[in-house]
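Note that subunit A is present in both complexes that follow, paired respectively with subunit B and with subunit C.
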Partner chain A sequence: MKKLLNTLYITTLDAYLSLDGETVMVQKEGETIGRVPLHNLENIVTFGYTGASPALMGACADRNIGLCFMTRHGRFLARVVGMSKGNVVLRKMQYAISEEEKACFTIARNCIFGKIYNSKWILERAARDYPMRLDVDKLKGASEQLSRYLNIIRGKEEAIPCEDLEQLRGFEGKSATVYFSVVDDLILQQKDAFFFKDRNKRPPLDNVNALLSFFYTLLSHDVASALEAVGFDAYIGFLHRDRPGRVSLALDMMEELRSVLVDRFVISLINKKQVTDTDFMKKENGAILLTDEARKKALNAWQSRKQEMITHPFLSEKIPWGLVPYVQAMLLARYIRGDLEEYPPFLWK
Partner chain B sequence: MFVLITYDVNTQDAAGKTRLRKVAKQCVNYGQRVQNSVFECVIDPAKMKALQYKLESIIDPEKDSLRFYYLGKNYKEKIEHVGAKPSYDVEGVLML
Partner chain C sequence: MKEYNEEDFLSISGIQHFIFCRRQWALIHIEQQWDENVRTVEGEHLHKRAHDESIKESRGDLIVSRGISVFSRTLGMRGVCDIVEFRKDKNGISLFGREGLFIPVPVEYKRGHPKEHDADILQLVAQCMCLEEMLACTIEKAYLYYDEMKRRQEVLLSEEHRQKIRKISLEMHELYERRYTPKVKMGKGCKACSLENLCMPKLCGKLSAVSYIEGRVKD
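Our next item is the complex of A and B:
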């Protein structure tokens, strides 16, 4: 199994990144503030505005190291992609599938199945862990509702068909509504500063949505890098339609990972009081942003979460959380090559 | 795995100084400099072999020496630092 390497986060705003031999050199006002060998890195995420040298971009593309530029507030700006690598045959098959509604549906269905399944088990787990503090009946009710959608998607309820992408999107939307309607209940601490009414974005309008948006962005970069590393074109999706600049395939694959990787993480940040109300600031247009200090704290926690070990439910192999997107990309490639009968989504319990 | 690389390069003549520079440069590429001629590398065995070969082809075995200390995967308890210039943990959270 591939080894999960480290991610280098640059939060110093006026830091410039350049290539020096086999290392990335971080400079601020002409002085070197850090230097890390490239062979220890999987990803570089920079929030600065002074940028990186073309030589470094080339070296990263060449070594399959993701290089991602964000605004200082954590909005995605750009990702460096080098020459297309990997298997041409795989990519051609991916394009062929994307043209065919039926084949798209087969994969997309499994992704959405994973999404609903994972959301359901987050609720079930919460109900089990905090039976005294939570409205268990409400959670169980939502969970049952989600189970029903799972059955429909798998085609077990013949009265309600789910046979094309349009219907699938419908059930995805419905299950998301059910799931998000109880997310607020999972927040056990700091209730007055952290609440969840609905999902809003561009811009996020409350603290929880600000955290969700920030980490969804980071996750989408991780997933897109993982897909490219396996040889896919991250821009051609099966469920998400093609749109310039949108990493549709990464978004497809993120569906099943959102709740287990990000939602759960954000809720635990709040419940463990690792973030507080003072970590956010409000802009004139109502947008809520993380402060620079808070972003560092949050990234710290995110990085340690990614290094926690789990047993992958399909491979039954011990891997760090951070490798999950890569493993899923690999499994999708195996399915497309015909080595697996179905794409196995990441089902977490 | 974790490897500690130390070297001693004889710099009495100009050629020695060139060798010293070259050795240092290679070590910087793969690890972090913790003291003047001491480097810590977190590296996989294949890359380590390549690095060792590179270093061996630079030095003059009559005058210089290289030492490699293999500390394995669970190296963290085996290292203690006292004084200035603490090192960073290349497997921990990297944030600058």
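Our next item is the complex of A and C:
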């Protein structure tokens, strides 16, 4: 299996990145504060506002290293995409599918299946791990409802059809409501600082939403890079219709990954008290942001989480979870090229 | 005889992939996926050296020409010859702007040492067939040079070789026209295959996405 390489996070705000031979040079006020060889890198995510040299952008594009610019608070600004590396055949098929409702549905349904399945198993796991602390009946109830939606979208309940994207979106929305209605229960520590009422993002209005938004953005960059490395156009989706500047295909694939990769991670940061209330600040408009220090801490934890090994449920192969987006992108490509009868989403348990 | 258009020419360097595994060839040449590993990078360096001077050097009865591009319309293939020696010979052919008659002798540089399979030989044969077509002549022998042995190995071109190349090129074109990537056939080659990550050879039908998903509906 492909190796998981490092992601370089630049959190120094006035750092400038440039290329020096085969290394990224990080400079601040004219002084070099770090050098990292390119061949160790898979991604560079910078929160700095001084930017990067065109030479570095070219080198990243050339070597398939994702380069992504964020604001200091983790809002996405831009991603460097180089000349696309071939695989015209795959792209043409992707475009053709995106024009065809039925073919879109077949893929989107499996992404949503993954999404519901994974959120269900987060609830099941919590009920098993903390039976003394949680309202197990409530969680089980939610889980059963999610099971029902899984059946429906697989066409197992004849009376309730789910045969097109609109119906699918409906069931996706319903299951998200069920799932998010109990997410707050999973927070077992620091309850007065960390609570979850609903998902709000523009801007996030509480600590939990601030964390979720931050890591969803990072994940979408990872997924978009993985898709492009395989040869897809990350901007053309099947469930998410294209809209200028939106990485729709990455968002499709994130459906199945959000809860297992981000939600669980964020909840464990809180439960293990790796973040605390002092890590957040409130702006005049009510927006909640991570402090610079907290961002560093959270990124470190995220990076070590990426190294943790899991067994890929479909391939039964041990991989670091940081490679999950890449493997899923490969599987999607192999499905589209006819090697698999369906797209196998990442089903965590 | 069928002739191919230039834009449909396939790369001679793909013959080795095609012989190794048709799927590998399709992944590289149709899907344009390529997992660069150390081996291929080294290979490129070697070729760069051989192609370095594309100027012709003339030493009396020998003209050495490096990195000439060759193609064949009947095979629908193109490639680059590392070295072609034109040896003065009274049974040879005339070359524009040169005095005397010459026999072309291609020499191809390879990494390592002679292989058990005949991919290197066939690739060389394909280059010779291109040259034959471009020079309107017949080539009887050529050489493979292996860097580990530092020695040339003579290759005599037989009709059997030529038949094989014709067959391979037909098959390649047929797959290429359909943009079809053959399904996985797991073999011992998979272990040594630089495309394993892209190919995912486990997907050879043993894994069913449907039963994977359906199995989970019941969870």
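Methods note: the second predicted complex is superposed on the first by the 348 of 349 C-alpha atoms of A that agree within 3 Å, B and C clash if a C-alpha of one lies under 4 Å from a C-alpha of the other, contacts with A are read in each partner's own complex, and residues count from 1 in each chain.
Simple rule for what comes next: a contact is a pair of C-beta atoms (placed from the backbone, for glycine too) under 8 Å apart; a residue touches a chain by one contact, two chains touch by 3 or more.
This is a predicted model, so every value here is computed, not measured.
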Of subunit C and subunit B, partner touching more subunit A residues: C
Touched partner set for A:328, first subunit B, second subunit C, both or neither: neither
First, second, both or neither for A:34, with subunit B first and subunit C second: first
Partner chain(s) touched by A:15 [first = subunit B, second = subunit C, both, neither]: first
Which superposed partner A:349 touches (first subunit B, second subunit C, both, neither): second
Which of subunit B and subunit C A:156 touches, first, second, both or neither: second
Touching partner for A:341 - first (subunit B), second (subunit C), both, neither: second
Which of subunit B and subunit C A:145 touches, first, second, both or neither: neither
Partner chain in contact with A:117 - subunit B first, subunit C second, else both or neither: second
Residue ranges of subunit A in contact with subunit B within the complex: 3, 6-12, 15, 20-23, 26, 33-37, 39-40, 296, 299-300, 303-304
Of subunit C, residues touching subunit A in the complex: 30-33, 35, 179, 181, 183-184, 197-198, 200, 202-203, 207-210, 212-214, 216-217, 219
Footprint of subunit C on subunit A - complex, ascending: 1-2, 85-90, 110, 113, 117, 147, 150-151, 154, 156, 230-231, 313-315, 317, 330-331, 334-335, 337-345, 347, 349
Subunit A-touching residues of subunit B, taken from the complex the two chains share: 25, 28-32, 41-44, 47, 88, 90-96
